[in-house]
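As written, the chains take the letters A, B, C and D, and residue 1 is the first residue of each chain.
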Amino acid sequence: GCGSSNQPAAADSAATDNAAAETEAETEDTTEASAEAVDKSADPADYKVVMVVKQSDSWFDDMVTGVEQLQKDTGLNVSVQVPETGDAASQIAIMEDLIAQGVDAICVVPNDPEALVPTIEKAREAGIVVVTHEAPGTADKVDLDVEAFINEEFGQLFGKSLAEAMGGKGKYAGFVGGLTMETHMAWYKAAVEYIEANYPDMECVTEEPYEDGNSVEGAHDKTLEILKAYPDINGFFDCSAQGGGICEALLEKDKATTIPVVSLALPSMSSTYLKDGSMAHGLAWRPADAGYATCYAAYLLASGQGVETGTDLKITGYESVNVENNIAYGFAPLEFTAENVDDYNF
Amino acid sequence: MEQILCVKNLSKSFIGVKALKEINLSINKGEIHCLAGENGCGKSTLVKNISGVHTPDEGEIILNGNVYHSLTPYQAMKEGVQVIYQDLSLFQHMTVAENIAISKLSFEKKKIVNWKEIKKIAKEQLDRIGVSIDMDQTVGELSMANRQLTAICRALAQDAKILFMDEPTTALTKKEVERLLKIIVELKKKGLAIVFISHKLDEIFSVADTITIFRNGEKIGDFNSKDLDEKSLSHYMTGREVEYPRYHRKCKDNQPIMEIEHLTRKDQYEDINISIRKGDIIGLTGLLGSGRTELAMSLFGLNKTQSGCIKVEGKEVKINSPMKAKEFGIALLPEDRFHQGLFIERKIKENVSSALVNALSNRGILNRKKEEKLAEECVKELKVRTPSIDTIIGTLSGGNQQKVVIGKWIATKPKVFIMDTPTVGIDIGSKAEIYEQIHKFADDGMAIIFISDEIQELMANCNKIVVLAEGKCVVTLNEDDLNQEDAAQKISNLISSGENTEIKEAM
Amino acid sequence: MKIKKVDQFQKILLLIIIIYSILVSIKNPAFLHFETIFDIIRTSSTTMIVAIGLLVVMISGGIDVSFMAIALFGSYTTINVMIALGIDNLGIAFLFSGMIGIGLGLINALLINWLKLPPFIITLGTQNLYHGVMTTFISDKSFGAGVLPECLHEFGQGTIFKIVTEDGAVGLTISLVPVLLIGIATWLILYKTMIGRGIVAIGNDEESARRAGFNPFKIRLFVYAYSGFLAGIMGIIYVAQINALYPNKLVGNELMVVAAVVIGGTKITGGQGKIFGTILGVTIIYLLNSTLILIGLSSSWNNLFVGAILVVSVAITSYQERIKNRSHLIFTE
Amino acid sequence: MKKIREYMNRDLNLSILVTLTFAIFITLRIIIGPSLLSLNNIQSMLFQVPEFGFLALAMMLSNMVGGIDLSIIANANTVAIFTAYVLNGQLSFGTDGAARIILALIFAIVCSLLFGSFNGILISKTSAPPLIATLGTMTLFQGIGMAVTGGASVGDLIPEFSMIAKAKLLELPVIFWIFLGAAVIVGLVLTYTSFGRNFYLYGGNPVAARFSGIHNEKMCISTFLLTGLLAGIAGIIILSRVNSAKVGYGDSYLLQTMIVCVVGGIDPNGGKGKVQGVVIAILLMQVMSSAFTIMSLSPYTKKLIWGIMLVCVLGLNHIIGNYSEYKKLKMSMKAKA
């Protein structure tokens, strides 16, 4: 229902762009924009979609490959913007510039969804379709939010895997990248709640999660300390992809085989730990696929085709999304174990 | 006689000044050659060109027959050039011993440091000039005088063929100067050439064989020291006649403007009593470490007192900061001009107004017209040699810089002006001008505390002299006492009596 | 006399460490284990190395904020090459990374000497430059544990000896060896060689050092090359310890090291600094960061606590210095 | 022409910077095309400038007294967090509407001044090196924000507040005018007031300043008060722009503010530099960063370009500085001859 209300604004921006185009050499963008105003073409090549990721690391590098794949598959004019640091301010700056450029759609994986809301609103006022990923909390402020899964369910997966690996009893501790990271916190809460509800013999040692600061040495150093403070600890889980650090610390203390670790993980970075048994489970979803699906959804919305329950986003796990409260859920959680980790190459 | 150094047509320019204009000079073995001239005439610049600190624009430097158009400090050392720089060039955080030995070691291209050797070198040199400084102290903790002695030791530590001494005696007491001059004469006998720069004419005459006079970057000529006397020398230097007038207090107001009563700070000074009236110029002298600087700092609110009191115009006051001091009309000309007195990268006018910024402002807005007027006046009155008041002060010569610092405090029209060795490194021409100004301000009712080592200077300018020794006030001489013929002798005796006890304690 | 005075300052640091340790032990006796010391040694070893390099730079009157970028550049490039060529030799890793460090350090020195600008700015620029060059022209991929050369992994896990206690083995990390070697070498350089004295001399006053016959340019080349070399070495140890290779780690953690060195009594204006003080400074920072869980502080109070302690220790050490200076009528602002 | 040359010689760094800015501008205009200068893009750029600009001004002030203030961003965020609590009603003392906004603004200013004075007192009373002292206070201020929020963002502000960021005056964002006004005021204060003069003197040689009866402690504290205030204003602008506050927002600005100050000709040893330079550098930085987005550069390439630019600007300053000194020398010699 949002596409139609945006129509006049889009026409406006197209008009100003047209005025500029009269005096200056025509650029591709402006012709497209005016074409859109008249009649929405379905040709992906006519749409400029930009994906703004959080920062540069292996996770988002993989997401970039997914977006590039989309371009190859469909011919959609899609590109990726990578901020210098994982900071909401740089994402806002990039989005501002994109709004001024008048792209058709912006996909964003917000560092801090709350902070991006005014900019998202501004983009939408300018007739730009905005699709987020990993930001279900602000789904009502965007055209669509694409999620690989329901965060609570994914969080419960952490709890379930850990509980199974620990045999249903003992003390455990959980990490997040930082207390400011919303999805991490959501998984953490869901995991702890799941364990509390189902495994009464298990006990989380702290109220709040530990922060590993999104770095392996952070996870490593904190783990050493936790081992000292709680010598009877029996399991760890990490909602940021730094479980390797925990495993390293356990290996160092010869406790890798007795204390299981469940962590968000990239196969490429954690296959060793899965294979030597220091990591019991790795959990993830495929960033490339998520990027693919998000950008494709953005194209669909920009071209007026809409995304509803059952829409196919043309990639594994998102063949038939479930749209609820403006959030399109795929079903794409991945669970790695020593056996299957080699099947993934990201 | 064998020629060691010959300078031919040497020229050097800095922005805004031609510091040296086609200088020709030759210096022989076993000769004490004095350079004389007013502030900023280019003496230090000449030294720096020869020692490899500056690169000459034009001209040749011939050392031991080798011709150089420019040298590095190392080359200069290799040719036997040693320098005691005007700014001493010491290392603040290093110990005295290391400071003395380091040039020698670095020159010898030593790779490994032998700390015993360093101590040995340092001890030798300190014994040689007969002073006892704790060798393990860092230079940053030393008084100016001890720093100067350290720098002298350093230059002596290396076997020089030609030794440049750029105002080496500015912070020394008479006794130390005498000892230094004796050493110079000894060195001369050993065949060294010594180039001695000083503004103290008595020193020059007591050692010099040849005197070269500079004016405005040009050489006026070489003179045999016997052919000159103080009067003719200053005439050549300044191009005019100069005279030190004797100060007599004219002010009729005998109410004390400032009274210092039983002022004490342990280990620095003890039970100091001084009463100052309008128009008084009170000389404060004593050995190094006698606590003069400490006392001055206390009066200016930079050094907490422990007991006793200070009264300004009869009212007891607590001076706990320079701002307070300024409020009470007290000004201080600091001893360490470079670090404490100057804003080296700022313009002359900004330096002049630096103590008066708030007074020159109206509701927070700085009145630049007034500031410029003030600066113009200061430059004119104190005869600062500068292209304009917009010149960066760091490019002036040392003496001219000092004049600006004096000017800055005079501009605040203080009631009591404490001057810690104000004429150090200032030429006679400027000195006379400064004395004249001081007298004039004293006549107008300003009280002045004049800290100095030069007894002659104190005798000429003060109507009362206080001698300190080891933090205690040994004697106070009034105008009547000073008029006695043997006053100067008496003071120097008192000072040396203090010194005797010091040496005893050191042993 | 000299040594006595310096100890005075280090005593304060030791006192802070001891008092803090006592407080932590009261709160949680687990702190009193041997393990604690061994763990702190291991986790702080990399920082110790760069801190010592930075100490040398700061004594010479400079500062370097590019050392983390150099460490990253050196280790990342070296290990990339090793993986590509299948080399598995620790010596080569250290050598190659150290050489890269020397090269980048020399660039720092040349720029500082040429531009005559505060080294803080120059190295701020080169920090960006090195990191940019590395990620743009070499690679920006991450490598996980299994991919790294085996020798690195062994080194990272290696111990000099192990003590077996009831809850597992406690080993003293082998990284202590390079730290000790570097510490001793640096001490020898600073106090027993002329170039070391030259470093102190140019830190005190460059112009005076020149006049005393030193060549500040050469000394500076040495200083930054040395700091670069240590950074290169540190990079390898770091990678070995975390057992993974990232193109964007380390950079951004420079200031904590600067803080550690300054808390250790090194003058930010140069000319003064002690290795033992630096070690104490690093220890304080690490002690703070690695006892938060032991004293049961929840994560959201971490920063408040660390910040407060940092502010207090800076305030105490600086105030001591100020009092000492003021009593000698030395006015440093 | 002659006047221009005279002016250029008077402030060389500034003229180099202006020339450079134009050169970069023209280059970018050629590479990117007209969209760089479209009204849309200009508005968008000027909309982004203020929050960063205020932080850069704060950094500039601290650099000019030979210090550095690493705590500005932590300060801005924590101020924003407290202000957000006022604005969302949790701390509003029963006010509403405009009254609440005014209360919030007062609260923000008081709060930022408190932070600033803490820095100032710490540095002036203990002679702690600013780099280390503010590293400590940065962690401390962050810690306060963290302890209060537990890391979550504080939102639900009354909607009127975001109007501050959205409002426009003469086609340009009001917050940009505010920034420009603040820069002009800071510039005027530094150039024409007694405070400004004392500030430069204190920055140039604090010891001599003390011996001149300038109240060093007061200068230091007021500098950091001002720094804190500017950071606090940045916090307000952030809050109004993003409509929520959170620890860690804008951490990447810290390094950039330092770079901007250097490019803008501030001598980090203190006592030298002008506001104009920094303002131009801020604009230059913004134009380049927008251009980078348009060109879709990778973050590492951006880093590389910042690095190269910094080294180039410094190198150029140095070379031209040397050259002009040489020319001045020659001219002075000619004049004498």
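Observations on the structure shown:
Please note the rule applied: a contact is a pair of C-beta atoms (placed from the backbone, for glycine too) under 8 Å apart; a residue touches a chain by one contact, two chains touch by 3 or more.
Computed from a predicted structure; not experimentally measured.
Any chain touching chain C that also touches chain D appears here: A, B.
Ranked by the number of C-beta pairs in contact, the top chain pair here is C-D. Ranked by how far their CA centres sit from the centre of chain B, the chains are topped by A.
Chain B and chain C have centres, each the mean of its CA atoms, that are 44 Å apart. For this pair, chain A with chain C, the centres built from the Cα atoms lie 36 Å apart. For this pair, chain A with chain B, the centres built from the Cα atoms lie 72 Å apart.
In chain D, the positions touching at least two other chains are 146, 150-151, 207, 210-211, 298, 300, 302-303.
Shared interface positions of chain B, i.e. residues touching 2 or more other chains, are given as 302, 340.
Touching two or more other chains at once are residues 135, 140, 299-300, 302, 331 of chain C. The chain pairs satisfying the stated touch condition come to A-C, A-D, B-C, B-D, C-D. Residues 33-35, 38-41, 43-45, 47-48, 51, 146, 150-153, 155, 162, 165, 238, 241-244, 246-253, 289-290, 293-294, 296, 298-300, 302-303 of chain D are the ones that touch chain A when the two sit in their complex. Within the complex formed with chain B, the residues of chain D that make contact are 192-198, 200-201, 204-205, 207-215, 271-272, 325, 328-329, 332-333, 336.
Against chain D, the residues of chain B that register as touching in their complex are 13-18, 300, 302, 321-323, 325-326, 332, 334, 339-346, 350, 353-355, 357-358, 360-361, 364-366, 408.
Here chain A touches chain D in the complex through residues 13, 16, 20, 23-25, 27, 29, 55-56, 79-85, 87-90, 92-94, 96-102, 112, 114-119, 178-180, 185, 208, going by the rule given at the top. Chain C contributes residues 1-2, 191-198, 200-201, 203-205, 207-215, 267, 271-272, 328-331 to its touches with chain B in the complex.
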